[in-house]
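These notes open a run of structures that come right after.
Each of the next two complexes has chain A plus one more chain, namely chain B in the first and chain C in the second.
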Partner chain A sequence: MASEESEAEMTASSTPAGGRAVMYSKAREAGVVAGLYIGSVALALIMSAALVAVTGGSWREVFSALLDGSLRAPGRWGDTLGVAVPLIFVGVGTVIGGRAGLINIGQEGQLTFGAAVAMYAGLNLFGPGPFALVAMLLIGLAAGAFWAGIAGVLLYWRRVPEVLTTLLLVTVAAQVVGFGLQRPWILLAPIEGRSSRNIVSEQLDPSRRIGRIELFGNEFPISVFFALAFVIVVAVVLGRTVWGFKLRMLGRSARTAQRAGVSEWRYGMAGLLLSGGFAGLAGSVMVAGGDFGNFRLVPGFAVNIGFDGLLVALVARQRPLLVVPLALVFAGLRTGSGFLAATGVEREITQIVQSLLVLALLVPPAILFIRERRRALAAMTART
Partner chain B sequence: MNDTLDAAGAGADPAPAIHLRGIDKRFGAIVACDKVELRLQRGRIHGILGENGAGKSTLMKIVIGLVTPDGGEVHIDGARQFIRDPLDAARHGIGMVHQHFSLVEALTVWENVILGEGGSLDRKAARQRVMDISEHYGLGVDPDARVADLPAGVRQRVEIIKCLRRDPDIIIFDEPTSVLTPAESEQLFAVLRTAVRDENKAVALISHKLDEVLHSTDEITIMRAGSVVAHLETSEATAAGLARAMVGREVSLRSEAAALGLVEEIEALAEHHTDESSDAVPALSMADVVVRGSDGSMALDGLTLEVPAGTIVGVAGVEGNGQAALTEVLSSLRPIAEGTIEVAGKPVVTGRAGAMARAGVAVIPADRHDSGCVLDMTVAENLFLIDIERVANMGFYEQAGINRKAQELIDEFEIQTSGPGAPFFTLSGGNQQRVVLARELSADPHVLLADQPTHGLDVGAIEYISDRLRKVADDGVGVLLISSELEELLHLADNIVVLYRGRIVGQMARDEVDLERLGMLMGGATEVGAR
Partner chain C sequence: MEALFSALVDVFGTDVTYSSAARFAALLAFCALGETIAERAGTLNISTEAMILAGAFAAAVGFDMTDRVTIGLMFAMAAGLVVAIVHANLSHRLTANTFVVGLTLNILVLGLATFLNRNLEPYSKRAHVFEIPILSDMPLVGPALFGQSWPFYLIYPLIPLSFWLLYRTRWGLEVRAVGENPQAADVSGIDVNKRRRQGVYLSGITSGLGGGYLLLGQVGLFEEQIVGGRGFIAIAALIFGGWTLRGAVAGCLLFGAVDSFRLSLPTVGYEVTAELLQALPFVVTIATVAVFAHRTRQPAALAQPFVRGLT
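Showing the complex of A and B:
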């Protein structure tokens, strides 16, 4: 009894000091991160402004147009929210794969395939609207998972690097979906519903579309809330469950994980399937959501949302909760660009401006990553 | 043939071959060398003794040009020199035999020896040169042998030939005996003596083994924490005195003696404490285990081994004779091709993730960074890697909760850390090893496999780990101790088996250990007999 108390005292007295030190170093770390981002974005803005000014445009107008297009003009922030939804799904899925140490860069393909299969299901399923909608979203998720699963089987069965297979499967997905879109018995709409040269699918029945809400003159799909809920669930699963712990162990040291009972096949495969599944789900909500196209599938439907979602995850550095604000930023860049044409600044220039802003977000994570590696390496070599 | 010995020895001290004056070197917050003074005289072997991390390797890297000092001067034959890189050092007649082999296994000896030289390839001359050196120093190396086919002792000699081919005046040996059998290291020192006596060379021998330094050097410099703490003639040195200077306090414990390589003292101290009941089920039993490497070679070739509960079985052997495969199999990292493995009487599937750990096989791997920890996770998380379920509730866990439970282990195993939430990589090697030990032991294992558990640790940590191993065995766990340090095995093991080319070639109880026979078995007894 007495010894227990004294032990409790010892731990109690030792933790606050340690806790304070940890808190202090965390605060400093956060300051460094914030400083890096502010500096990097500021640099990108200055370079962009200079570029626009040198080529004869008005940089004020350019930035103002970006803000108008993404937030300020009537109805625009609703559009930004709608674009952010698939970015969130792709981003959060990529974070899961990343935790398992996998480099899935084929979200664009998983999204394309998921969208196409979801569309096929949405056009052909029987049953009342809401059930068919849920079913088609789940089928789209499964299709995305299947597409990533091909890379997973190749990886764990034959050690083919997933970086290569996932990326190459993007092209294959585009071809497969293109094939389906040209066959009337698969996805191609009957000739009455389209001009003869158009390759499009039929339109999704209104009863099977994702509902939309209007708020302060802005309209957005209710999938926004689901996306947020998913992010929270993923954050909890990754950070608080035994499964998330094991996934992280596998990602950081595959051999230690194998020894400790984390099978690469089971956990790595699950990570890859989930990351592909979320990309497939992103494609499905794009099809059924109405923010991308007119509820029809067309070639090139994915419009780089898969790649943008990958960037979101890269910047979020495996932290699921960060995916949300970053998806909003990337969505804002997308919707904002719609207003750039009106500024009269040449399209090439505005595209460079956008790219600079994206780069500004990507550079700090890269620097932080290198810094972490160096620190860990230095700690290791200094100790041995 | 040569009378230079007398000439050199009798002559008034000329300028030393190498004179280091006030050498300083820091790596971040760590002081590797602090105002170090060192003289290497011609015709003498100078032992540089110190624990791991005392700064001796850094000092020699400065001499060879691999590290630039922050302060101080390097004088060669009385003239101040700046050594920019190893080639520069070679021009000054300095050669080094490194601790780790830098040989290309697929090439022959003579090809390895000339590797890195410019100009055209003269096969005949190169072979001749290897043969000349080999004969001159009595090294007995065949220039046409493929390095892959050579045992560690011969490879070490190839390294020496590589160094000698430039005919250096000053030779530095960095822990040359760590991969050699006792007989091989004896032979090596005989060769060294010849070179020093006949050719008036200056030799520096870096070591952390007292025994070795006492037997083969003329003078000794002892380093501790980056500084020179003592310099004396070997004839005036005693093992106890050297140990005291090296560690900085009195050395009395057996484990420390083992760490420092005092074989005789260990043998004198050896005592009985085994009370095994022979009919009990062994903690670990491996029968006819075969493991094939990816290239089809036999990593384990019919290995049969039993570890009774409550005893320590030491596995002696030169590195590369199957130790790695043995550890991998018992870590579920590798499946076996043939044979059976039973833990506490129950067969265990090999190669399936976590199967060995679940069956009750705890492992301290030779390289804990390879499969014993996750550097980027916290100390607390590393303490529960194999049994996170133990601190979880319905599949959920809380960081604060595991930190609290980790604190108990941190206190019990005296792990020095800023807290359970600190990243694992911030710990020192000794404390990292304690975390591994704490985790593996808290899982209540039947078997503990310790593969080189004290390698690279300082004396304090070695002492701690050794005591723990002993205690674990006393608690009824079967301990399998793999070590390339005979002293460690002699000190800890109740039974010693010898691993050679993937099979157990000999076995002896501790109290009937015959060092000579042990050494012969380690070198492949049949080979020794044929020689």
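Showing the complex of A and C:
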């Protein structure tokens, strides 16, 4: 089938009066692409709906509960925006690392560690509120970068695959932060401020919190705007600067990069540090933003935001601007899942929907790639 | 330092330590055997975690339905294979990025297992212990190697079987060729992506079986955190072993020993911070791999997708 199509296209482009035919084939091509995407996303949604139906739920109720929880109910879209902020940071960071060809899958750990260190800084730093807040965010960023840097050092010094180390470090980070939360001299709040069983940190001072805006009865942190500005900066740096080009070159082909004088470890390390750093920044934004944990650090603070942000980046396929809408969708699924209890369907269904969507969005580009390859090969054999 | 040494002596003087080390090592070995074959074919398969979890859950469902451990283990293998089929066809038929697929499958299976577990709540219990007569009376290691629940013993035939398959058959040679130099293998008439898919299938079957063993041989009842990153420790074990089966088995034994050391420390009377104990296997895994990884050579085409005519 593929060879027939390629022949048709070749004749179309080789005839002098083939202008209309070319336009027609371009339109058909766009139709095929759109059809593939729509088809596979629909398939993922149908599979999720079937799962709900099989286990005795009603997918209509689930869908409407998700919409209520993420958008329609009073005050909910503000919450969704608040949840989207750390997802955007994690996602954009992962995109940077991905451009350099690195597979950082430990954002959850980098986020946890960043959040804890930022919290420590926020509780102990001196100075006026806004300065302390900025310092705290930067320290969280550095902490996340440090945690990813461990994997980076092991990769470039000892050749340990970063896929493995970043993930194993997630558990280590959780334990390290857990250790800090159990010790009064690190993070544990003094006994007066909490019930004795509660393992929480002190609450962040109000002057060091990220400001919140109220709009049409919805409340969200101003970090939303920073996140957006940030995505644009990253998109420009990655797409329009020499540095971004070199990073991409390294990701596409390490050998070519080496020939062109791009230091593998320098750029790779930068990609890894930035992706970890942004995960750490996401953690500190979560601490200072108030949408998670009410300005206190609690055990399991990261609540899978790191993994969700990673999924966002995987779907975005290394395009930073796509991170924003996808982060909003994933944040909506998360806030919407809070309303699922009424339908009797377990909230893990959103996790399933998310990962099915990721898998579904992997298929069309892969099919298109193979189609293109086949055509190129067919064209080559036709020429010789 | 001295305290650590005396702790080592104390812990490894009790036979309970060896039993728990053998159990952990067996679970790792189930996964590492198939994983080694998959990686020799060129797939750095990170969906082992998903395969083990799927296997464990399917084993629970199978046992719940039929009340038989054998059926449970078969369900486990089938579930591991299903995950493998999805992974292999997405990444070696459609050339989707294998890490993306693997990671997503990990999250998907975790979600599915949690969701279905809440809905079905399968009942299962541990298989009975079978002590091999004379052999299990050996001091220290006897009960560890020959006094386990019976699915444990499946690992014994599986080790030589995978060795034979990978090093002594034409198929195994082709698998290794595909992982070293896919272009050359392709020219000599081997279907590269087919061999890679088959490698992943095998990895799915053994990891699924490992999951079944984990559930029916060790834990008894399913819970979502049952695997807890051990699939990744299995991958670390084979990296430690330099991508050879022998080395992978050695790595499994080492990490098994580390794990049982940390579990036994409190019971012989040492006070250690709980968080440190929890993090220890992961820290030791990272440290060991960091020390040993650079001395070995990974399959040359590991984690590089193959498309004919490209590169």
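By definition in this document, the second predicted complex is superposed on the first by the 294 of 384 C-alpha atoms of A that agree within 3 Å, B and C clash if a C-alpha of one lies under 4 Å from a C-alpha of the other, contacts with A are read in each partner's own complex, and residues count from 1 in each chain.
In the analysis below, contacts are C-beta pairs under 8 Å (C-beta built on N, C-alpha and C of every residue); 3 or more make two chains touch, one makes a residue touch a chain.
Computed from a predicted structure; not experimentally measured.
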item	value
Chain B versus chain C as contact partner of A:175, first or second or both or neither	second
Partner chain in contact with A:107 - chain B first, chain C second, else both or neither	neither
Which superposed partner A:284 touches (first chain B, second chain C, both, neither)	neither
Touched partner set for A:242, first chain B, second chain C, both or neither	first
Superposition-derived comparison: chain B or chain C, residues of chain A touched	C
Touched partner set for A:161, first chain B, second chain C, both or neither	second
Chain B versus chain C as contact partner of A:70, first or second or both or neither	neither
Shared chain A contacts, counted only where both chain B and chain C touch the same residue	376
Complex contact set, residues of chain A against chain C	51, 55-56, 103, 105, 154, 158-161, 163-165, 167-172, 175-176, 178-179, 182, 307, 310-311, 314, 346, 348-349, 351-352, 354-356, 358-359, 362-363, 365-367, 369-370, 373, 376-377
Complex contacts: residues of chain B adjacent to chain A	27-28, 30, 331-333, 352-358, 363, 369-377, 381, 385-386, 388-389, 392, 395-398, 404, 407, 411, 418-419, 421-423, 425-429, 432, 456
Partner chain B, residues of chain A touching it in the complex	7, 10-11, 14-15, 18-19, 21-22, 240-243, 245-246, 248-249, 252-253, 255-264, 266, 376, 378-380, 382-384
Partner chain A, residues of chain C touching it in the complex	44, 46, 86, 90, 94-97, 99-101, 103-105, 107-108, 110-112, 114-116, 118-119, 228-229, 232-233, 235-236, 239, 273, 275-276, 278-279, 282-283, 285-286, 289-291, 293-294, 307-310
